[in-house]
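Below are structures written as structure tokens.
You will see chain A twice below: alongside chain B first, and alongside chain C after that.
Up next, the complex of A and B:
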């Protein structure tokens, strides 16, 4: 039993870190910029496919080997989706977000719903045409190897999946780096100011549309990197995003809207609850457990778990 | 002189063009159409695509051999329809299929039992004869008259596979297994498979389920499922998943915990375990020695057909989904020829009363095509294949086997 608890806790924290990174991407777009993005799951999917093609299609695996190439592939997905996200914002979302909607009652929310839902459907079905329906995975021997820690008395051992551990480390590094950018740099301050009050930010000389574009690009890039990292141990099809978009929104709301670190903690909590709940409940109720905890926390703290520290990250 | 084309003229011209174009798209007067309703998009799309490859080969074989003899050489056509990714979309697709193809002689699908259960509600109301490879007993427990289950039901498979595994284990290790671990999802096929196991099969075989983990697909991580197996030390593990993604995560996790199928017998169920993509996503080392219970797999008797399929498609083997689709199309051709009509009611009546051991029967384990009152194939047999050196090979029943089964002797 001790071994079960140890391994469930470890798996929860590791998976949670990856969920946390996914949630940071959405946290930037939804939590900070207040853009409701239904296509976030598809950005995750694109990250997986970009990583796959970098590793297999461009023969990165032959040059860097099966241990390094998958992580390089995941990181390459970031800049590609940053560009894609910025373009998506420039040509589509700019009409339903930022200054153009500041005076509207819903601040462009209804338009965002329709536009991003459309983008989501186009990316899913476009993905089906371009990538096909065959499940793919970024092959690495790490996905079936574990760091074994122990024994801790008797036969109790801790198994840490190597692909997930490395992915988790990369996720933490990116999360901390992004937090530093948002907290300590002029760019971060301008992004937060633009999200806080687009009109006032304009008076202060901030190019609000550019700030929104950068934030959307960053959010897309980070979710894409998370997708690339998850592709090291999951197989995926163009519809994989559907499975994760709810998790992302739960994590962002749980963590507290408007905070980068809050989104990360929210994602981590979702992953932790998902894995650890299986110790006491049937695994088929793992996702139900997430929403029970979600409702409890939102009921007790409507501003989200880390809402207080998260107000204007 | 320049003549203006008015909007009304333009619409008229477009209508005329559409009317002229229509005959080239529509069926020729003597063509006969059967439908294939399978997932061609969504998480189960690969299964449907493989079925389509098998069905198209059967259509070509029939037409190249002179078409439907009982219909004066009419050509057989395939109406391929996508179920989408949910039971609701499968049901909608069935309705769309019937309205767009009103003269169907019959149809088959939908691979996933959950989809088949939904779609056959529609086809039954229309009186369309429907063949399915889906496993769930519930499909033919509803008193439908036009649904024919060519696969052994999940119940039958469960009752057959466990005694076989006990015998295999005993022969290899000299010990009778006493403990089993069960990991499965909560889809209709897995639930149907698990019910008889829990109800009576384990008791009959004096087996104890030391792990019994049911999950909701898709999996993000299998730690919670696989970790308890390590402590419970079962003699073998039954894996009742229904998609490649979960198969890969589960197989990877068993290897990660030092329990690959080469050390602890892992027994999967269903065609998704043996699609070519499984080899690509999981790799041959992870899959080595995993045993899979299936409703069909090409045996020695269809070697020539298998070789032709591989040559035609470039796919590495002719598998579960492909042979089922091939066989279903051949069954319809046989029934239409026998009835001398493509009328759905007559085709349905012919299938209901068929009792043959040749023709399309040779594509099914047991080589017997006859249906009982519920629409279940009499003598439907389980087939067991095993991943050996990167390829699934038939190991049971003996008359179909092309290799000997391997059971790890180091299993506890």
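Up next, the complex of A and C:
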């Protein structure tokens, strides 16, 4: 029993880190830029398939070896989806976000809803045609190996899946890097300024359309990389995004809108609750457990764990 | 330096500006006054490329501004301190100033201008890490002006900096604007409802009513004008 709890906690933290990274992507797009993106789950799905095809299709395993290839595959999804996300914003979302909607009452919210819902459907069904409906996964020898810690006490042992551990480390590194970019660099600050007040940002000389494009591309890339990393330990179909889009939104809102760190902690918490609740709840109820925690936290702290209020008391 | 030539702007059918012309020379202090809805903010937004004109030209140092994207203004040395302050509420005071210094010139002189801004508005140094949205109205106005200065501009455009401020705070703001003009030699284009204070500071003034310039001249002549005295200064006719 103790062993089960210990292993569930460990799995919760590790998977939580990957969820954290996934949430950071949406945290940029929804939390900071305030774009309601229904297609975020499909960006995750694309990250998984890109990783899959890099590893399997391009024989990356042959060149890089079975240990490194899956992680390279996941990282390749980044630049590809950055480009894809930027283009998506350039040709579709410009009309429903940023400067062009700054004066509208809903800031383009309704337009975004419809546009991204459409993109989401197209990607799901396009994925079905292109990738097929057979579940796939990125196999690495690490998936079947575990670091074994213990036994401590009696015969309690902790099994840490190696694929997940490495994915988790990569996720943390990327999350910290992105946080530094957003908090410390001129680029990151200009993205936040453009999202905060597009008109004033224009007065500062910031190219607001470009800022939105970059932020959307970055958000797409981060979620896609998270997808690529997650692909090393689960199997997926073109509809996998549906399972995760709600998790992402709860993570971002839980962590606090507008906070990159918050999105990470929110995602971590959601992953943790999901894994640990598996100890006592049937799998169908795990997402219900997430929402109970969600409602509790949002009820107690409406601004989320890390949200700061920019309004005067 | 800045030349506005017979500018007309319409929102749908409503004509907000009709044939407005205006000049600001290097180092000059120019004030535009006029009642609510006269088109003052529209004039500023059009100069800054946020609103598109129906007709007319705006030239900056001899070349047309309309050919350039709105964001180019800051890089050319024009700082716009908009109506209602428009600080970045979710950014800290320091980050707001850093965003002001986004253009090349601002970055090059950052250390110097930051010191200058802190001398003019010491409160901004004290509140450096506070979110701008939580500042008081007066502090936000100071931040907005500081943010404009951070770009190391040659022209500072201010749209009703005294709006909604207590008289004492408004007084301080006017003093600082005068100081910036005198000590830094910046050209100023000021829109104000507090006509007496504003005209007193300026070299030249324009009176805008329902989208037209109805009167212009050096400040002494405006202050002496009967219409200005009656409508804007609340004074009676001189010969009454």
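Side notes on the structure shown:
In this section, the second predicted complex is superposed on the first by the 302 of 313 C-alpha atoms of A that agree within 3 Å, B and C clash if a C-alpha of one lies under 4 Å from a C-alpha of the other, contacts with A are read in each partner's own complex, and residues count from 1 in each chain.
Following the convention adopted for this analysis, a contact is a pair of C-beta atoms (placed from the backbone, for glycine too) under 8 Å apart; a residue touches a chain by one contact, two chains touch by 3 or more.
As the structure is a prediction and not an experimental result, all values here were calculated from the model.
Looking at the superposition, the partner that touches the larger set of chain A residues, chain B or chain C, turns out to be B. Residue contacts after overlaying the shared chain place A:122 against neither chain B nor chain C.
In the superposition on chain A, A:130 contacts neither chain B nor chain C. When the shared chain is aligned, chain B comes close enough to touch A:287, but chain C does not. Residue contacts after overlaying the shared chain place A:258 against chain C, while chain B stays out of touching range. Once the two complexes are laid over each other on the shared chain, residue contacts for A:149 go to neither chain B nor chain C. Of the two partner chains placed around the shared chain by superposition, chain C is the only one that A:189 touches, whereas chain B remains out of contact.
Residues common to the contacts of chain A with chain B and with chain C across the two structures: none.
Residue ranges of chain B in contact with chain A, taken from their complex: 40-43, 45-46, 49, 85, 185-186, 213-216, 218, 220-221, 223-225, 227-228, 230-231, 244-245, 248-249, 251-253, 255-257, 277, 280-283, 286.
Residue ranges of chain C in contact with chain A, taken from their complex: 48-50, 69-75, 79-80, 82, 86-91, 95, 98-100, 102-103, 131-136, 147, 151.
If you check the complex, the residues on chain A that touch chain B are 1, 3-4, 7-8, 11, 15, 125, 128, 133-137, 139, 143-146, 155, 159, 161, 164, 233-237, 239, 243, 274-275, 278-279, 282-287. On the chain A side of its complex with chain C, the touching residues are 186, 189-190, 192-193, 196-197, 199-208, 258, 308-313.
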